[in-house]
């Protein structure tokens, strides 16, 4: 808080008797604007603030570093091979000994990433949102905590463990049922669905919790059934939060690596059939990174760059979605 | 449709959705533990050295690597994260362009795929700084990865300290830093610790970020942080993907069970601690 | 009598006997672009209870919080004009705010003890002021709790959590905490609105007692309370939604409640407002 | 007290007195063999620290040239553009690659043309090569592996100027073990393996009517074979020299190498 | 007159003329192990305003929320005893709760409009009851808003967000929303405590008007309010902390406020409590 005008004492329009008299006395004593420098209490505060600020701007610096290093490592591929040959080609045939002679089209993997993510959301979003609504509205008290804890436990399971589970249980099961190899986008989507459920559930639950209790009560008091209250009041009021939850789930699905790599089959083909093998951006990086170098490695970094751009864009969308909630405030 | 009927159908749908989620969890845990628990509890496995070609190897260096790298990561990330959280929660009550940038960066960092951190760590720490595949390179990468997670949960805990405490402190003539140190941080402490432990759970389970930074396989127990390590999660992936040892299935089964147990334990400790502090605060 | 457009009612004899060390001069307070208070002029008599009354949103809390510059904490708020405390403008550039806040204690609407022990709560202020000796602190804690009429009730549980006390005890604890730093002025913002009638009564009695030593300013919604305990009353109001708050009338409580100059004051006091 | 490092020129390494760090990186095919050697070597020479990392043949070759590591591991020979004369080649074993199929595939022999057609996707069904059953599932190693490179070159006829790629639907695995697992668990699949990895879970097929066995390879009849190598920059010295000698020594070759590969002394 | 240990004050002539369709019989309410209300017996007269008064925590809200079984929503709460509505016990097993809630409307302490438009807020109840025709809904919205004395103020902004209205308008909107489903009884839980005096006055006038058509039960902290608008008053209290709340006295408001049977009532009403 600072002062704008320094106008001292106003004239007394009515003259005496003036209850403000003592102010004049004080002014005449000349002590009104004494400066005490002896204790500038602010100094340690400012120092602390500075230090904290520097620490917090490290985050910005790290993001900057990530961008710089991923970008600079992908530049050779984009420059030497051309934007078009990387992003709009489905031909991926790296040449290890003479990298420049190979083909590095990542379209098939981009396609794999998008399709497995969509699959994961089709399976995982209803589960996640449904579970959140269940916890918020339907579950009996003793079950609420249990389900929520369960969801948190899923969130904590390392991705290699889920991948191993997928590889040893889901893939053979799919192979048995569909009479294919079992590896493929469907298996990947299943595994990913498991992994996005906790993200979507916890964030949707948060969004539902943010809906004021009294609106819920108002609906119930008007004789609405539970489903009417959920569908007409709770879900609309938390729509943006739930959308954000799904988008963040999407982020998770796009970025997941190890679990997908174990079950997707790691083929190089462009495919739209969920039961066929392909790769995603992340799994291709892991599959090929081992002995790559030169433009080959750079092309893998270019896929990292795509992932980076994906998540940055999604985050910006989420932030926009969560800002300025339309009607509620 | 009759609202009553719709309500009944919706109830069934929501019950089945959430029970599916729970069932999935149960299937995973039962499957992983049923296949690997015996192995995971076998002292020759937990305290044995890994084999490169023969069957019968253990995972002790991997477990040690995991612990080592986790400690290093927290040592690097926690102070920065806490400082960031304090700054954002206490010094930027009002969104300025600068804090918006910081917040955007935190969110971005938090949502980046871990493989991107792996690539980043490899090109910065391993190659550019020349640390090679080493525990520090892995820890530094994991620190950048877990920084936003810790910072955000800490910020939330700090923000959830009621303003009335701050007002009370200020009104007694406390400076801002005194107020933060004496009133805000002690109140936020349980939340901060819980958030950090949860982040540790994530660090322990992380594999994509460490395979190109910390390493995949060691035989000696790593003591020097500048040497290669092999966190358990990375080794599990390595053992199944590069499957060289004949008993890799049982090694992966055991490793997965062991990893799962460790992570669940960590999460359990976090929850227990949180509820302990919650009770203590009230009972005092 | 009217001063600066505000009618001031006060027996002259009384006014002359009163010392006034706190004065508000032409004060306006803004929250960003919104002017919450305009042109406030006021003298706060020493060792008396002054009550601020008025409809919700008229700026009572805002004005009160200016006295110890708690409004500094609200981002985007700033003031024009001055508040003189012992002759120095508290808004002047190098004014020591922490010192000010030590001299001008504050008690809030909802009891807000720290989540620490009873003892730690009261000792907090002296401790941050640099007092370290256990014996001295013990003594301060005891004296403050006694003054806040709480000692007998808590002397056996000094080291258990303050959150276990009842609402009324918590509020008295907050008063004790404020007293522990030896303030000269105590500001209270609706200190009883979260309390039941019994606890309210206790606090009121306590305030009347404290007024023998301290200058007290209280904001209250409860007109009966203002009438019961305060010596002076300032009635504040906003003309229309969005206008800044002003002081409509200020004077001895007995005058204001029985014989207000201003018809708005009368209408408000009789509960038939607007 | 700490023992002094012996001069490198010493003719016979006295193991107890060696010390220092030996760093290796490179081919993941050679990696486990060298890891095994390293741990045995370190047991005998506690003062020596042998650090082994993967990265792939190319990485190993590049790094040993740059001096980042002392020894580079490779499962292929130097490319002409890599060969600047500074590297010394130490062959440590011969590796034979066998073509394997899922046990239920009733085909026991394939010609080199059939192999090429199957792996490049021209032949899609087992019935086209005399078997029964459905669509062939091709399993290959990842692009960066030396095994894959050798197989592409020798079996598929790939060359630097006219590269041949396996069919795009092929499952790519990061290791021999994983190829074996995948072939063993996937019906109608075909893949290739180092013979060290063969077991009863997969079925080998003859290549041009030749069994993938040591004798045939030595006789030069079985062509899908390659050397595993260590490269050093110039003649190795000190601990590195001792390590290479250990790897190539009879003791290690008999005890370890002979189990999975063809040891040097048999060639 | 005493009924079941509760003194009931009422002119007999009046009581005989009154119809009572809502009766509470031996009601106790528990929150888990805590007994919040004990042995409540009460008759609510039709087309009159009944006020519940009493110190904080005595169970006024709890009792009020039993009438439309909103307490069902609190996990762990259960009741003993009965509430009869038109002769049927609303706690009986197959009682249609949604139907009950349609007949027994409720207005809450803080105005809680849905984050929808003004129109949608009022139309919500009829819509969930199955009314789909636009013309019918339009008519219901207009009629309800008119009854809630809000029509003139909002008729031009029916389709803008209800959250943009002022607090008082929002509260009247909530009343309109409750009226839209044609309830017979309206429950109000401290409906004015978040409002300024002007808005409060409006709501009070409205309630008095509505009492010609509806049975109204209101919980209030404000004794003056109870005295001003209610026809009947129930005074509730808890003896000691942890005890269940009981009805101490029930009767015509004028009797209760001028001539209470019970000395606790008197002490509470005169503000000198405990």
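In order of appearance the chains are A, B, C, D and E, and numbering begins at 1 in each one.
Keep this in mind: a residue touches a chain if its C-beta (ideal position, glycine included) is under 8 Å from a C-beta of that chain, and two chains touch if they have at least 3 such contacts.
Predicted model only: the values in this text are computed from it and were never measured.
Asks: Among the remaining chains, which ones contact both chain A and chain D?
Replies: Chains in contact with chain A as well as chain D: B.
Asks: Note down the smallest number of touching-chain steps it takes to go from chain B to chain C.
Replies: Shortest path length, in steps: 1.
Asks: Can you check which chain pair, A-E or B-D, has more C-beta pairs in contact?
Replies: Comparing A-E with B-D, the pair joined by more C-beta contacts is A-E.
Asks: Which chain has its C-alpha centroid at the greatest distance from the C-alpha centroid of chain C?
Replies: D
Asks: Can you compute the centre-to-centre distance for chain B and chain E, using the mean CA position of each chain? Integer Å is fine.
Replies: 51
Asks: On a C-alpha centroid basis, what's the spacing between chain A and chain E, in Å?
Replies: 46
Asks: With chain centres taken as the means of their Cα atoms, state the distance from chain B to chain D in Å.
Replies: Once rounded, the distance between the two centres reads 37 Å.
Asks: How big is the gap, in whole Å, between where the Cα atoms of chain C centre and where those of chain D centre?
Replies: The computed centroid separation for chain C versus chain D comes out at 84 Å.
Asks: Going through chain A residue by residue, note those that touch at least 2 other chains and give them in order.
Replies: Answer for chain A, listing residues that touch two or more other chains: 41, 225, 228, 289.
Asks: Which residues belonging to chain B are in contact with no fewer than two other chains?
Replies: In chain B, 3-4, 175, 240-241 touch at least two other chains.
Asks: Show the residues in chain D shared as contacts by 2 or more other chains, in ascending order.
Replies: 28, 54, 173-174
Asks: Which of the residues in chain C end up touching chain E in this complex?
Replies: 55-57, 166, 196-198, 201, 224, 241, 268, 271-274
Asks: For the complex, which residues does chain B have touching chain A?
Replies: So the residues of chain B in touch with chain A come to 3-4, 6-7, 9-11, 13-15, 17-18, 20-22, 24-25, 27-29, 31-32, 35, 79-80, 83-84, 86-88, 91, 101-102, 104-109, 111-117, 119-120, 123-124, 128, 144, 147-148, 151, 175-177, 198, 201-202, 204-208, 211-212, 233, 236-237, 240-241, 252-253, 256, 259-260, 263-264, 266-267, 271.
Asks: Quick check on the complex: what are the chain A residues that touch chain D?
Replies: 93-98, 101-102, 108, 172, 175, 179, 181-183, 265-271, 276-277, 287-293, 296
Asks: Would you mind writing out the residues of chain D in touch with chain A in their complex?
Replies: Touching chain A from chain D are residues 27-28, 54-59, 62, 79, 81-82, 134, 137, 142-146, 149, 160-161, 163, 165, 168-174, 185-187, 189.
Asks: Flag every residue of chain B that touches chain D in the complex, lowest number first.
Replies: The touching residues are 49, 51-54, 132-133, 215-217, 219-220, 227-228, 240-246, 248.
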